[in-house]
Structure formats: C-alpha cells, structure tokens
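We just call them A, B, C, D, E and F in the order they show up, numbering each chain from 1.
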C-alpha cells in the first residue's frame, strides 16, 4: 500500500523542558507528538528519574522534512546550550500524508 | 536539655534514622528504589495533610493572630535573596544568573524540613502554634520571584529565548504543584474547620508521622545519590549551605519573637528561614532561568542544606529559640 | 433542613472542597498532576473498601433483606437505556451508535458518586442501609450490555470489525476491573463477615473519608481538563447531563421506597440511578462499540453529570427522598 | 557482523485499542512486540494519560517486510477510522533473522 | 482445633480470600491490573513495617534471647540448598546451574508468607515471639550465596561472562532491595525501640493487616498469570514445590523448639524454612547465574509453593508445631 | 543544517539485564543511553511488567558505526543466549557529532 516518506524527530531532554519543547513543536508546525518518561545517562550525568528534578522525557514527532529542518535549527540555537538534551532525525514512512 | 541531648534526641527519631538508612542505600548502591509515582504520592499526601491541618488551625485561632507573623515571614522570604545574592556573586564568584538562582532557593522554603521540625517539637513535647503552616505557605513564592528578577537583570534580556519569560516564572511561583497543594489544602482546611477535620483526621493526621518516616527514607536516597556532585559545587557553596542556614535560622527565630510568636512558633519560623527549597524553586528556576546551572542550586539545597537541617539544624534552631526566650 | 442548607452543608465538606480545588488546578493550568498509578491505586482502594464493607453488611443483614431492592436496582439499570436511547436518538439527533453508547453510561453507575453520597449521609447523620453497596454492584453491568446491544442493532453488523464483538462487551461488562473489584470485594466481605472486618477495619474503613477527599482532588483535575470539550458536545447533551439525572434520581428514590428501603437507602438508590458511569462503561463501550464517539459519552458523564451530582445532585436527591418519606 | 534488513512498525494509539492491536499483530504474523505507556497530542486532542480513558500506548514490532505490508493495510482499514492513532514504518537491521 | 478447622479458619480470612480473588482475576483474564509502582509501594510498606516491628521487639526482648534461634535459622537457611541441590540434580535430572538456582530459592525465604503466618497466628490468638522477624531477616541471604557457589562450581567458570561475577551475587544478596529494607528497618526499630514505635505505630502497625489483604489480591494475580507455565516445569518440580516445604516446615519447627522458642516462634521458624523466596533470590540469581532458567525456579516458588503455603501450608506447620509441643 | 549519520542501537531485554547492558554500553564506547520501562511479548512469553521479575526495559543508544558493530557482537555472544532480549540497529542523523 502507498506510503509517504516523513521525518521522525526524537528529542531526549530533562522533564522541565517539556513545555518549552512542545511549544516549539507547535511553532515549527508539527501536528502532534508522543511523550515517554525515560531514564538516561549522558555527558551531564545520570538521570535516574527518582525525583522530577532528575527525570528525563523523550518526545517523538513525525513531521514534514522542512519542519524537521526548522525544528533542529531552533533546538540547536535555543535548547542545546541550556538543557541536558539530545535530538536526532530518522526516515519513516506513513500512510496518511495529510495527517502530518 | 543541652544542645547535645537535643541533637541526639533528634538523631534517634525514626524519621532521621530512616533518612540515614536512605543515605546508606544510596552509598552502598543498593538496588532499592522508590518508583517516582510513589515519591509524588508521598509528597502530595504530606503537603495536603500539613496544609489542611494548618488551615483548620487558622480557623481555630482566627486570622487576627496569624496575619502579622505571616506577613513578617513573607517579607523575610523576599529579603533573603537580596543579601544572599551579593554574597554568592562577589564572595563566591558565581555568575549573576547562578547567584540569583541559588539565592531564590535559600529565600524559599522546604516543606519537608518544616514538617520534620514540627515532628521534632512534638517529640520533645514543645507546644507550637499549629497555624505556623501559614508561614510555610506564604514563604515559598516571594523569594522565587525576587530571584528570577535578579537573574533577569543580571543577564542581557536578549540572552534568554522567549520561552523563559517572566510570565513563566510568576505562573510557576503561584501555581507550581507544591505551592498550589499547600495553599489550596490550607484554604480547604480553613473553610471546613474542625468539623471537616473530624472527617479526615484518621487519614491526614493519625498516620502522618509514619508516612514522613517512609518519605525520609526516600529523601535519604535522593540526597545520597547527589553526594557525588559535591565536588562539582566547590568549598564555598558547601560552607554557604551550612553557614547561611544558621544565620537565617537565628534571624527567623528573632523575627518570630518580634512578631509575637511563642517559643515553638519562633523555632518554626527559624527553620523556615534556614531551609532551602528543593521542589518549588528548582522547577520555577529551571523554567524561567534555564541558563542557571542546576548542579549549583540543587546540590547545595538537596545534598548539603537539607541533610544538615534534618540532622543538626532543627535542634540547633530550637536551642537558639530557647536562648532567645529565656 | 432546607434544600439550601443541605446543599451548602455538602459544598463545605472536605470532599467537595477538594474536588473544587482540583477543578481550579486544571483551570489555572497548575503543573500539579497525580501520576496514573496513584489514580489507579486510589480507585482500587475505594472500590475494594466499599465492596468489602457492603459484603460484610449483607452478611449482617441477611440476603433476605437485600435481594428484592437489589433486583429492583438491577432492572432499573437495564431499563434506563431503553428510554434514554430514543431521547438521544430523536431528541438529540445522535447517531444510533452514539445514542446507545451514551444511554449505556447513564444506565450504569458511578461508584465514586455513590461513595460521596454515603459520606454526605454520614455527615448529616442520616442512617442508611450499609448493604446498599449491593445495588451499586449489580447496577453497573446490565445497562452496559443493553447499550451495546442497542448499538449493534443500530449499526450494520458488517460495519464493525471482528475485534468489536459482543463477546468483548460481555467479558468487559462482567470482568472489567471496576466491576470485578467491587463484586469480588463484596463477596469476600460477605464470606468473612464481621470477624474479617475487625481485622482490616483500620485500613478499609477508618481512613476512608480522607482517601476519598484526596481522590476527589484528582477527579476535580480530571473533570476540569475536559471542560474544554463541553463546546464539542453541544447544548442538548449539556442539558441532558443535568436533567436526566434529576429524573432518574426521582425514579430511583421512588423505586427504593417501593422496594421497601428506608430513607437513607432510597436516597442512595436515587443517587445510583442519577449517576453516570465513567470507568466501567467507557472501557466496555470503547472496546465493543469503537464507532461511538467518546467525546460525547465521556464528556457528558465526566465533565457534566459527575460534577453536578457531587456538588448539587446528592443533596437534591436527598431532599426528594425526604419529600417522598414525609 | 552479518545483519538482516527488517521493518519496524510503530503504532501509537489509545490504551483501549491494546487488545485489538496485539490481536492483529498476532494475526498478521508478528512474533513479538514491545509496548510503551505514553502521553501524546494530536488531531484528536491531548492525551495526558491522567486516567486510562485518556491514556496512550506505543507498540513497536520488528517484522518481515510482507508482514509490515499486511499490518499497515489492516490498520488503515479497521483501525484508523475508529481510534485516535498513528502508524509508521522504518528500516532496521537485526542479527537473528529467524527470530522475526 | 483439628487440622481441618485450622485450614478452613485460614481459608476464610480476608487475606486468603483476597488472594483467591486475585487468582480468579488472572484466570478470568479480567483487565484488573495493579500498576508496578503500586506493587513496589506495597512491598516497601510491608517490609519496612515488619522489619521495624521486629527491631522494636528485639529491643524489648534483648539480644540475649534472640541470637541463638537467629543463628539456628541462619544455619538452617545455608544448609537447605545442600540437600535440595542433589535432590534436584539427580532426582529431578536438572542441570547443575538450574538445580543450584532452585535450591537457593528454597533455602531463602518469602517475607509475605512469613507475614501471612503472623497474621494467621494473630487470628487464632496464638501468641508468638515478635522478634521472630529477626529470623526472617537473617535467613534471606545465606542460601542465595550457597546456591550461587553451587551453581558456579557446577558450570565451567569460563562459561559465564564477567558480568555474572560472584561479586554481583554477594552485593545482591546483601544489598538487594528486600534484604536491605528488612534489615535496615529492623536496625532502625532496634535503635529507637518503644518510644519510636509510639510515633509511627498508627501507620506501620494499625492498618497493616488491611494492606496485606490488598497486597495478596495482587499476589493472587501475579501467581495466577504464571499458572500457565506449570506445564513447562514438569511433574517433578510440582511435587518438589509441595513436598519439600512440608519437610522443611517440620525441620524448621523442630529446630525452633531445640533453639528454645515457644510454640508460636517455632511455627514461624517452620514457615520460614518451608517458604521459597520470590523477590530476593530471583534478582540475585538472575544477575549472577544468568544461565539458570527462570521458568523453573520462579514458577515453582511463585506459582506452586507460595500459593500452597498461603492456603494450606501455614495451618499445617502450626499443627506440626502443636504436635511437637504437646 | 548540517547533520551527521550515526547508528541508533535499540535493545529490548528483561529488567534484570539492565546493569549488565549499561556496563557493556560503557565498555564498547557509547557516551550515553536512554532507558524505557516497557511491556512485551516474544518467543519467551509475555512480560506484563506486573513484578520486576517479569518487567522489560528498552535501551536506546546513539553511537558511532564502529561502536554499534562492537556492541552487537558482544550482545550476540554473551547476552542473546542468556536473556529474553532483542536488539536492532537503524540509521539516524545528529547535529553535534562530537557528542556521540
């Protein structure tokens, strides 16, 4: 069946960045997102999610390529310097192009 | 009772012993872990219970008795950052935004430290004004707002992106979960008074001390997991995290006396002034001053000041109060 | 006691005030949030506690007293969808499947509304038959099954894929978690009776009211987060969500009296008839009538009828009962 | 080391669709799946997972290409019209082909 | 009281009935599920409560009374694997590592079974030494360590990768969450004694039995979900999971008597010997003997021995004790 | 904006393998990881995460291609024979190469 190429942008960041990130997703034109409560380890140390101050979230958004472009740019500019965070992009295929 | 008796009495209470047990769990890398929902549930219970109880106490005592010391507490909370900021900025050579963030934490308060203090007073049969919870409720926000303003002034406005706005700070400082629960439960308790208390007493009052003990077991682990970050914060902040509370504790006790509180209430005012926030402030600061480094303010309030107050601070502030009152 | 006194007495109870506090938390976008596991834990506790207590009460009263009003409650639950369906279908112009889904929710019951009602009666010192929980237990499923059948008839069988089978509906209606817990705990209580109760009383009975207050804080937030959907449901469903409960409440009280219940029990029967399910029914309906739109049945039962009953409905049904009995 | 190309199908949907989706996975020939409890936002509104009625799940299954084909078809036909849901496919490489 | 009366008395207690309800929930595929955080929270509560209570009891009784039977319990725990291993290896034809893993589980203990036994004794008004919890605390680890050693000897060292080291085993056996909580709370209780108990009694003691009932509802579901694996384990392990506990129970009771315990304490020693671990041992074994098949040791301890002990074993061991003591 | 190709290695395994897996990640040179608590079904039966003994985790690590190679090798050698587990690799693009 006919599938359409899209970009999946994955963002892992500290829980307190949630509002800022979802706000950004909305601004750059993502039509939805999915959020995971996760634990993690990285250059800024372990985040065992024992209290909210040390909790991580992963946010995934399936978006049009140009949206992904804008999103990554904004993340690099405003977020990377401030938050414990990583972001990466990958290729996925969806059925209902109009949804994204 | 000498200061040493006071301290050892405190150290042998279930609450403090469970806190120590939590520290040990973290240091021995035990796989014991409280799931975050349990931590949240215990926090909600403690805040609602203490807030509700305080509200009922206000209804009993009448606002006339409460407003003056409450106002004093509020002003003290707002002022503390004004002198801790320069100390950190010039004494500790911290950046403007870091100094402001830390100052906000020490002006604000720790509900759990307050609760542990009420438990301590109960244990040594020292009566205290139950409505003191009102001081806890009004002292949480002001310092946060002052701290954020200091931070914004210190950094070029352009530096912060639109998402870290003053609006965010104000909203967090007024509707952040811990403040909201505490103030909300206080109002609920105030509105229903004694008759309401009778209905829910056996849930919000009777098991309270046991729940606190369990919660401090978790807090011991939480603090213990951060002890490793102590080297990151440096000697100045370590000293700051112990000396400042002692100074603020004395000021708080004195102010409590001036505001007409009894020995017990003044002790609690001292504890509040001495305590540093690790729930409300970190959330508000992280969202509105994202350029501040959490390693500084969180480690000092959570891994230095909190354990110090729980183990030694509380009895010390009580001794200070005894000295002031006799 | 006038209806206004009755209502204000209810509005000033901790339970209702905490519910209001929850609404405010949602409306002010406070970041206060109960983790889902806590919500589930509180639900489990409330259902097990009320079920167990009811079972013990049946053991005490003897089944002879219980079966007739229980049967009446069951029949009423099964009948309610039969008249609400046409009202929604032709009055509200809802599709067959949506009308059936909503009808199922209003025929079924809300355990929390029932519990709040028992608390209200306790607060005003109005005795009631403790075994009334049995009515709650038997009223939950029948309407769901009737509603699903109505929905299936209304839609071409072919429309639904195999996964939304009648079997699913029956299994959910009989073994869905809320029904299972309630009926199961009721049977356990019935089997161990008073001696069993003595063992667990201090966990399942003593702190009960306080737990309910905490749970209603959460329910206030849950309902508050859905207030935005009210515009989606339209004026008809808004009116339906308030008028129908009043009618069903009166019918329930009357039926309770006919079935030989006292004032208290009849009030509770009215509350059950008036309440709309938001745990058992949504799960069963979503799985067996996936073509029905949750925005309709969930919003009306959760954001309209539930708050209305908690705040105003319960005392009103009590007044209706007083009117019937005097 | 030798890897084999497979398809990763990701499904995000409301919690109540879980049994139906896992049943479908079994029917179309998936040999396993992994389930995440998530929050989300999309065209059908926020799903904050405060109560089960508003909870989301993400289900991931590593499958053979033809299984992915069948799976997406069935989802589009029976599920998309009825549930708050998205699904997308991506390329992954596994070590033990026989497992999937 | 005949053995049949003893058993039926046990079967009609809320704890056991809720356990049965949980089994039914799993077998009827009800969608009832306790979120894992709730399971963890209940475990933490039960372990801390029982540990704390035991510690206070030791402080009351004095270590002089406790050390001998505690030592006996410890030795018994360490010895059990030494004879269960060959039985499994040669009788059951299990691989060395599987035999060692299962042996470790049956030498170690189940805290919940112990708790259920204390409840049973309380229900039938049979006094027992409260410090018996000390035996539970010291019996958990030794068998695990012995089992791991047996397993390592049985398998070529090279077989296991570095991550499954003896170090891991020792750390898990000493700092694993259940052992740590139990021993830690015991020490805390010991240190604060009666005065500490008065503070937290209404949380750790009063509601205890009710919490246990709720927890057993969950355990019934957990065990029920594994009944399907029974066919995997084969008839030998099924028989083993019922016969061994009976033998160990008798040995435990006898040893308790020899060590100078009263009827109640000896019963509990028997229960401990008969019980199989399903929290501490699985964690330690999975990490240090990853080649052992969990389907064997988990299913037999969780789906065979645990339900058997809860429903029938406890009263049987009590009858054995009666026989020994009269 | 300039992105750099990386490998995303996804590991789903029983919760008790967590320490062993994160230790391995460190050994083979991963600079971070993200952990999810998940439920699952596979050849070794359902893992409903009702108790820790039957809980699953998913661990994701963004790594250099050669690290992924080493990681998969070690997993196949030491872990696959012992644990209920799957692992797969996919292609992602990141912004800050130096971070991974």
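The definition used in the following text is that a contact is a pair of C-beta atoms (placed from the backbone, for glycine too) under 8 Å apart; a residue touches a chain by one contact, two chains touch by 3 or more.
Keep in mind the model is a prediction, meaning the values are calculated, not measured.
Chains touching both chain C and chain E: B.
Note on connectivity: the fewest chain-to-chain touch steps from chain D to chain E number 2.
Look at the CA centroids: the one farthest from the centroid of chain F belongs to C.
Greatest centre-to-centre distance from chain E is found for A, with centres as Cα means. Inter-chain centre distance (chain A to chain F, centres taken as mean C-alpha positions): 19 Å. Mean C-alpha position of chain A lies 34 Å from that of chain B.
The mean-CA centres of chain C and chain F are about 45 angstrom from one another, to the nearest whole unit. Computed from the mean C-alpha positions, the centre of chain B lies at a distance of 41 Å from the centre of chain E. Across the assembly, chain B contributes 33-37, 40-41, 206-207, 283 as residues in contact with two or more other chains. Annotation for chain D: residues 36, 90-91 touch two or more other chains.
Chain pairs that touch, as defined above: A-B, A-D, A-F, B-C, B-E, C-D, C-E, D-F, E-F.
Residue ranges of chain D in contact with chain A, taken from their complex: 10, 12, 36, 38-43, 56, 58, 69, 72-73, 75-76, 80, 86-91. Contact residues on chain F toward chain E in their complex (touch as defined above): 14, 16-17, 19-20, 23-24, 37, 45, 48-53, 55, 77-78, 82-83.
If you check the complex, the residues on chain E that touch chain B are 35-37, 40-41, 44-45, 48, 52, 171-172, 175-177, 180-181, 184-185, 187-188, 191-192, 196, 199-204, 206-207, 283.
Those residues of chain F lying in contact with chain A across their complex are 1, 3, 6, 8, 22, 31-36, 62, 90-96, 99.
Listing the residues of chain C that touch chain B in their complex gives 12-14, 17-18, 21, 24-25, 28-38, 41, 119, 123, 206-211, 213-214, 217.
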